[in-house]
Amino acid sequence: MAELAQGRISNIQLVLLLTGFLLGTSILILPGGDIHPDTWLAFLLGCGQGLILAFIYLALARRFPGQTFVKIAEAVWGRYIGKIVSLAFLWYVFHAGALTTTNFLDFIKVSILPSTPAMLLVLMLVGVCAAAVWSGLEVITRCSEVLVPLTILFTLFLALMLIPDFKAANLQPVLQTPLPELLKTSVRVATFPFGETVIFLMILPFLNKQNKSLSSVVIAFALTVFILITGMLRTLGVLGNVAPLYVYPLYQATRSIDLGHILTRLEILTSINFLTMGFIKASVQLFAFVVGLSQFLGLKSDRTLVVPAWLLMSLLGLYNLPGVAETIAFTHTVYPFYALPFEVFIPLATLVVAWLRKLPREGQQP
Amino acid sequence: MLGFIRKILRFWAQNQDDEQPLSTSSGDEIRPELEMNLAYLREQLGRSPDVIIRRFTLGGPGKIGATLVFIDGLTDKTIINQDILRPLMIEKEKNPVKSGDGSIIEKLEECLVTTGEIQRTSDCADLIGSILAGSIALLLEGQREALIISAPGWETRAIDEPDTEVVVKGPRDGFAETLRTNTALLRRRISHPGLTFIPLQVGRHTKTKLNIAYIKGIAKDELVEEVKRRLQRIRTDGVLAAGMIEQYIEDAPYSPFPTVGWTERPDVVAARLLEGRVAIFTDGSPVVNTVPMLFIENFQSPDDYNFRPYFSTTVRWLRYLAFTMSILSPPLFVALTTYHQELLPTPLLISVAAAVEGTPFPTVVEVIGMGVVFEILREAGIRLPRAVGQAVSIVGALVIGEATVSAGLIGAPTVIVIAFTAIASFVVPYQNEAAIMLRLLLTILSGMFGAFGIICGLLLVLIHLASLRSFGAPYLAPVAPLFFSVLKDVLLRFPLWAMARRPKAIEPADDRRRPVQPPEPPKVDWKRKKK
Amino acid sequence: MRRLLRTTLALTLVLTVSVFSSIGCWDKKELDKLAIVAGFGVDQVQTAEGDRLLLTAQIIKADQVISPEQAGGSGKQSFLTDQSYGRTVFEGVRNFTFESSRRLFFPHNRVLIIGESLARSGLHPIIDFFIRDPEPRPKQYVLVAKGKAADILSVKTGLEEIPALAIYELLQDYGATSKVYPVTLQDLTKDLASKTKTAVLPMIELVSTSKKKTIMLDGTAVFKSDRMVGELNINETRGLLWVLGKVHSGIIVFKLPPYRHDISMEILEANRQIRPELRNGKPHVTVVIDVEMIIGEITLTKNLTVPRENEKLERMASQGIKKEIRAALAKARQFNTDFFGFGEAFHSRRPKAWKTFGPNWDQIFPQLPVEIKVSTVIRRVGEATKFPILQ
């Protein structure tokens, strides 16, 4: 069959890959910053909700070991409806990848390379991801094995550096946000980034040991929460009520590190974190899309689609939304609703129907 | 895209390869008529003055004619005189051979020729091959077989420490150019009966002898088979050095990173074999190849295991740092001074700005230019005669560095960065091929896109490294894929007694080194000692 | 199909390569094309066209800084001052290119000085550029100039080569007296964004004597919302710093009758606690200050290694500190500016109560009862036990 789908990954690798994916673009943006200072509470709640969603995905994957979602959809919903469902799912994956690219691009244009033409930037960004996808899942995973520990190291280091500027008073008062607000923000967090793990329905089939992935997923979630909460706490502790003013608060907080005039300008580490984790996330999304579409179309080789996918995702990433304002508005208000069908309804419905139809039957070809 | 290029190259290469019939056809047998054999031999070997044909008569009844054919310079004259001519000519007088039981050749082999290695053959091609390889051929009138006597006596280099792999605390012997000497050096270190050698020959005209070495029971059988397969596939005129072997069997010929390891030290080969690898000895080359090779091997030196853990760990990290600096210093310098000046502390920025003021070239051009100059210096330094070398290199570096800075052509920081890069690049024992290309690539990328370019370049390198395999072992193991039990030798150098398992990536057949315990000082009962 | 793929690939490659090689590198900033700004000033002026902002940039001349033999000898300046006009800060920044051959480079800017008249008419119009633009950094200090910022930035002073850096160092050393309050852009942003805490900025002035001009830090400007409404002198500033907990060191001077001469005590360490409480449903603040001191200079003949003598000194010191705080408090009430952050304290620690009277803080603050408790301990007496000269 297809070369890209030959890879096999172990559980530890899954943990690191998933963590890298979740950290993706969330390591820079502060989801729910406007309910400061209870942002981190909303985040934890959102993580919990995301975990529930993850259970649904795992249950589905467990039922159909070794099969990607495209195949599962076909098996559960029948040939025609199944194709429609798969197509919708693939569109979601593709769009998510384009959104990641847009976030990427925005950040680079703002703080690193303002004048370089966006087309070139985006082609390079997605190009690197495409190179990783071309080399296969194992390569993406191995990259994340190198990059994620690096990110963890940097995050902890930066948190240490910010201790002198940290004021606990900035984190008070606690629990003052009215509950509806808190819940709304937590739902936002649940869909981005935790709900996006639905994409892993395309990755789980490649695990070495099927059906043992629950603990890996939980560990990955925990790790992500740990890193993001660290980042969040240090940001909120330093910036306080000013945090929601900035577009990239975590980045801005690290700009104030200045120890003895020598250890300064460390925000580059935050940029590196963002770029590397974004790379992993976009690569995973691109991979899921390419493999999914290949299976959908019944292609012999997965690699055929990599180049077109690269070009298309770059284009969409570039022209998705007119500007940063729209992107932020989209992420905050529209995305939670837009993602619901893909992250919740489709997998849940598939699971229910599969259970009702008592699939997979004995002797059915996986 | 690479696949496309690959197809074109392969197609072109295949068309060049038409087998030309060898001049010697094997299967020719030795005739009983001595003169005919000699004539045949003379025709094949040519009339070179170093081909010696020594006629004599066997002692004893019968006066059988015999001839020795050998090449002067390759054989040990003493053996010829003492162990072949003497017994056959003189002592046979004393102990005449009873004719009748067995052929005379057999008798000679069993009773009279007093050398260690001896063989019978009836094949002409064999004979010629052996003569050319340094053996002595003994032909007898009336016999269909000839004896091939091995008595190597060519000049070799003394065993000396290799220049390129110098250690502080370890042994000083290095391989020489003779295959048997090298394998002997290895045998000295591994007394295990499982140490096996498989002989091979490659190269149509050079008929270079290879020995595949491995430890049976530790190395994976499939690995040995694969090595053998790849070596047997080599069809070329001549193989002159181990480096050529490397290029014919490597997994990724288009990658800047080597996937076949090499060394000139027997202790390194021994260590690698003990981990489950396979070594390839090449006759005529002091370099021995080892496969599979992991990226991490570039940073390992035998000294690491001779010193205690704290020091070794520190030195290891120093090497990682130096390697990173040697690849990243020029690109970082370019990126920081042309794109991201906000990342430099203000006093540093002022110093650099002052130095750059007035220089005519953009920083990228300076850095690449000086990098090229340095590579030229390095290459020239290899070939400078020793007498002149020191003076020229010092003066050259000083003059080029000092003068260009004073003239305002190049900024002083550039020279400093390049000099530092140069020194850092020699810290890593085995990695120089890839470093040059990486450095250049990253510098260009950084000149075009700043730090973002560097990150993209590094990601691409990472992706490439992550996809490399060397004879089945993932190149970046044990970091990726993660093998915790083996990480002990990568980040830190754990004490020897804690490294209980062989590297998983190489998939040795038996992955446990024999059980190890930490050292324990003996318990002394002080009370009793007081008496 | 494969041929189509290959053609697409080839075309993409060609396009990408041509894009790469055509224009060049867009974001590259060669060092010798940058004007590194060390200090920046904004003033409000009247020009022929009406109200304009006058921007002054103090630019480092790198090569002059590095070769001290030239600078010392010929007295050449290692910095230069450029000016430009604009209706907004951003416009003014770009207008620099009319006069300066190099692009202004802000990330190394250390101080931002705002002219007094501009401060009085409101900070909001000018502050946004420094927050929004990625180049200026959050840890630069902000000051108000008594008079015009442009004048302050044109003067060479002291031992430092570049005056802006000198000002930066002045602010860094504030702890020697603790009578100056250094405020970074980050702090200012936070204060401006706060609903109750008002901003303050240190003030700096140009002092001319017949021989030379120097610049000096003097006092603090008090803002209500974004306008400057008053000043604190240096003692009142320290009063403020006591409550903020930012006193590092400094000298307290007082008289202990019947002795004629002044006594100086050095502050070793000062801790503060702000306790927002509710008494009878009304807000009340208790400020508790704990100070440790060393005897600096005295002219008493008493032997000060005996504990009871020190009690008197401690009491006097506490009185002195309370006086400073009260002075600051009086000014705060006068301007109705809560620069102590009492409102924030209530918001943090009594959030429920805050909901009720928070919106009326403006009315409540001037009447807010503040109780000040100071306790001083003399830790060390220096190297002498008593003054050697007999009285």
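Residue numbering begins at 1 within each chain, and the chains themselves are lettered A, B and C in the order written.
Please note the rule applied: a residue touches a chain if its C-beta (ideal position, glycine included) is under 8 Å from a C-beta of that chain, and two chains touch if they have at least 3 such contacts.
Remember, it's a predicted structure, so these values are computed and weren't measured experimentally.
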| item | value |
| --- | --- |
| Of B-C and A-C, pair with higher C-beta contact tally | B-C |
| Chain whose Cα mean lies nearest the overall Cα mean | A |
| Approximate Å spacing (C-alpha centroids) for the pair chain A, chain B | 46 |
| Centroid spacing, where centroids are CA-atom means, of chain A and chain C in whole angstrom | 41 |
| Distance between the centres, which are taken as Cα means, of chain C and chain B, whole angstrom | 66 |
| Multi-partner residues of chain B (each touching 2 or more other chains) | 339, 342, 346, 449-450 |
| Where chain C touches two or more other chains at once, by residue number | 9, 20, 25, 27, 137 |
| Multi-chain contact sites of chain A, meaning residues that touch two or more partners | 112-113, 116 |
| Chain B - residues contacting chain A, complex | 339-340, 342-347, 449-452, 455-456, 459-460, 462-464, 466-467, 474, 476, 479-482 |
| Chain B-touching residues of chain C, taken from the complex the two chains share | 6, 9, 13, 20, 25, 27-32, 34, 36, 38, 60, 62-63, 65-67, 105, 107-108, 110, 135, 137, 165 |
| Residues on chain B engaged by chain C in the complex (per definition of touch) | 1, 4, 337-339, 341-342, 346, 349-359, 362-363, 447-450 |
| Complex contact set, residues of chain C against chain A | 5, 8-9, 12, 16, 19-20, 23, 25-27, 131, 134, 137-139, 186, 189-190, 193-194, 344, 347-349, 351, 354 |
| Interface residues, chain A side, partner chain B - complex | 9-10, 12-13, 16, 108, 112-113, 116, 121, 124-125, 128, 131-132, 135-136, 138-139, 141-143, 145-147, 261-262, 264-265, 268, 271-272, 275-276, 279 |
